[in-house]
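In what follows, subunit A forms one complex with subunit B and a second complex with subunit C.
And then the complex of A and B:
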């Protein structure tokens, strides 16, 4: 994925389908979407900020292992902090938190940092582009989680600290609980991708 | 040893040392988080912290720590389990007898599922569970009585 000349950055999830498998597997509620999206954004932005300065210090042959080690350390540190913040949400996100080290967004950030091209929303900054994509990923993950939970269960779970996340109940029944399964999540994602493409094309831009 | 080879070796050693510090940093954070997790699990399993002690780390993905609980003459074991299905997940405190029989469960929290948090506190071993059992049983009993 790359930005247009007018600085338009396509949504990494809805236009580029970046990291959709783990995203759909874990974003079954607003809280899970926020914690997962925040982790992916944190890892990608931190890698985008740390890797370019290292390029001037470390030899080319050592850059790949160092990038991977940094990515793993960041994802592990985030997973531990998430466990401290909310053990329930961290347990729910399970192996997907450490796997943020190799998420589509983190690998995209690593690829950008190793690229000789200069691209970002302003056509110059790599970190700027990574930040915009990461924030879009976070917002999209939170939106997908909130939509699945609201439509599927008729409730909304907030990412509050502690063992029991705060839950707002809208209705007493679960209208479309199949949306919380991976297959239901991918069906919903298909509709969201279609809606995104229609909106972007209506705005006179290229959707991907 | 040729100068360029020596230079490469020094470079590699410096990077290895830097990565070692990174590992130490993550291990330090891990230890701090682990002690906090033990405190949370201990509180979830017993009311009196002096009756519980950590006895093992099974390395199971569903539960990381095993505790021994001494209530006077009886001894039981406690774990905090992570239960998952395709659509939901929950964190549950469980107490087991010495033979491995399940003595009770208590829901600690769920990430998305609509679970009746009070009704699943089914074991009188847990603090405050008697009231929950009373409420849950009364609701079930009244439903059964009205049905018959």
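And then the complex of A and C:
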């Protein structure tokens, strides 16, 4: 994923399908989408900030394992913080919180940090690019979670702290609870990618 | 659960790609002549990684109450070891199956598929032999799903789809429908079948 000449940055999830695995499996509510998206953004941005200075200190052959260990440590630290903030949401995100270490966004940040080229055609910093993608990922994860929950369950769970996150119910029944399953996640994402293509093409840009 | 239950459950109802979403984008990679090598690589890498993480989690860190740190040890010790083994296999034989398996395994080691299956298996209530079987079959289940989706992709490319649905949207929707079919073999059904 890279920035075009007109400054347009394609959405990493809808155009590049970056880090879609957990979005399909566990982003079943707004709260889960926000907590997971924040974690992915935190890991990617922290890696983007920490890895380049390490290059001067660590030997070349040790850089890859140390970068991966650092990514794992960051994911684990975030998982602990998420557990303290909301044990319920951390438990519902399950093994996907430690897996933030190898999410598409984190691995993308690691690859970008290890490449010698500067990010973007106009020489913008790598960290800037990682930040933009991370924020887009967070917003998309929250949107997908909210959409699945609203259409699937007719409710919206807010990412509030504590054992019981605040839940707003719109209707008493679950209209399309199938959307909360992984198969529903795949199908919804397919329709969202198609909608994204239509919107981007209508704006006169390339979708990917 | 019996071994048959583990095999059917992990290959279908809890398929690594279609139930957990592990691995790359569905149907993204065309499966060609290297399909057999990739199946062996998937099974071997997942089994080795899961056995290592199971040992670290259940024997060393679990009794100390530090089980959640297992993934740090995994990335520090197991990933370089698996990389070394796969590169040794890739370089040992220039054209043979082992070299292709090694090359496939090298690409796999750092990814959500291997990490995810290893975490699932090590933190599940499995004994070591059950964990090995579950991880082997998970790898093969993932391979089966990618092969099926690869075949679907090649047919979808020839079909007359609306332009916005061509490519990844059609694949994602197909993967969703396939996941729905795989869900049919759920845990309760397998339990009644296999005991």
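In the analysis below, the second predicted complex is superposed on the first by the 204 of 208 C-alpha atoms of A that agree within 3 Å, B and C clash if a C-alpha of one lies under 4 Å from a C-alpha of the other, contacts with A are read in each partner's own complex, and residues count from 1 in each chain.
One rule holds in what follows: contacts are C-beta pairs under 8 Å (C-beta built on N, C-alpha and C of every residue); 3 or more make two chains touch, one makes a residue touch a chain.
Bear in mind the structure is a predicted one, so any value in this text is a computation, not a measurement.
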Since both structures carry subunit A, what do subunit B and subunit C do when superposed there: clash or fit? fit
Touched partner set for A:24, first subunit B, second subunit C, both or neither: second
Tell me which partner A:190 touches in the superposition: subunit B (first), subunit C (second), both or neither. second
Tell me the contact category for A:131 with respect to subunit B and subunit C: first, second, both or neither. neither
With both complexes superposed on chain A, which partner does A:141 reach: first (subunit B), second (subunit C), both or neither? neither
Could you tell me if A:34 is touching subunit B, subunit C, both of them or neither one (first, second, both, neither)? neither
Looking at A:182 after the superposition, I want to know if it touches subunit B, subunit C, both of them or none. Which is it: first, second, both, neither? both
With subunit A as the corner point, what is the angle to subunit B and subunit C based on their C-alpha centres after superposing, as a multiple of 10 degrees? 70
Tell me the contact category for A:102 with respect to subunit B and subunit C: first, second, both or neither. second
Pick one for A:155: touches subunit B only (first), subunit C only (second), both, or neither. first
Once chain A of both complexes is superposed, is A:59 in touch with subunit B (first), subunit C (second), both, or neither? first
After the superposition, what is the least C-alpha distance between subunit B and subunit C in whole angstrom? 5
Overlap of the subunit B and subunit C interfaces on subunit A comprises residues 65, 69, 73, 76, 80, 95, 181-182
Residues of subunit C touching subunit A in the complex: 18-23, 25-26, 28, 68-69, 71-72, 74-76, 79-80, 110-112, 115-116, 119-120, 123, 163-165, 168-173, 175-180, 183
Which residues of subunit A touch subunit B once you look at their complex with the stated criterion? 28-29, 31-32, 58-59, 62, 65-66, 69-70, 73, 76-77, 80-81, 83-84, 87-89, 91-92, 94-95, 149, 153, 155, 157, 162-165, 174, 177-178, 180-182
Where on subunit A is subunit C touching in the complex? 17, 20-25, 65, 68-69, 71-73, 75-76, 79-80, 95, 98-99, 101-104, 107, 181-187, 189-191, 193-195, 197-198, 201
Residue positions on subunit B within touch of subunit A in the complex are 8, 11-12, 15, 18-19, 22-23, 25-26, 29-30, 33, 36-37, 40, 44, 61, 82, 84, 86-91, 108-114, 117
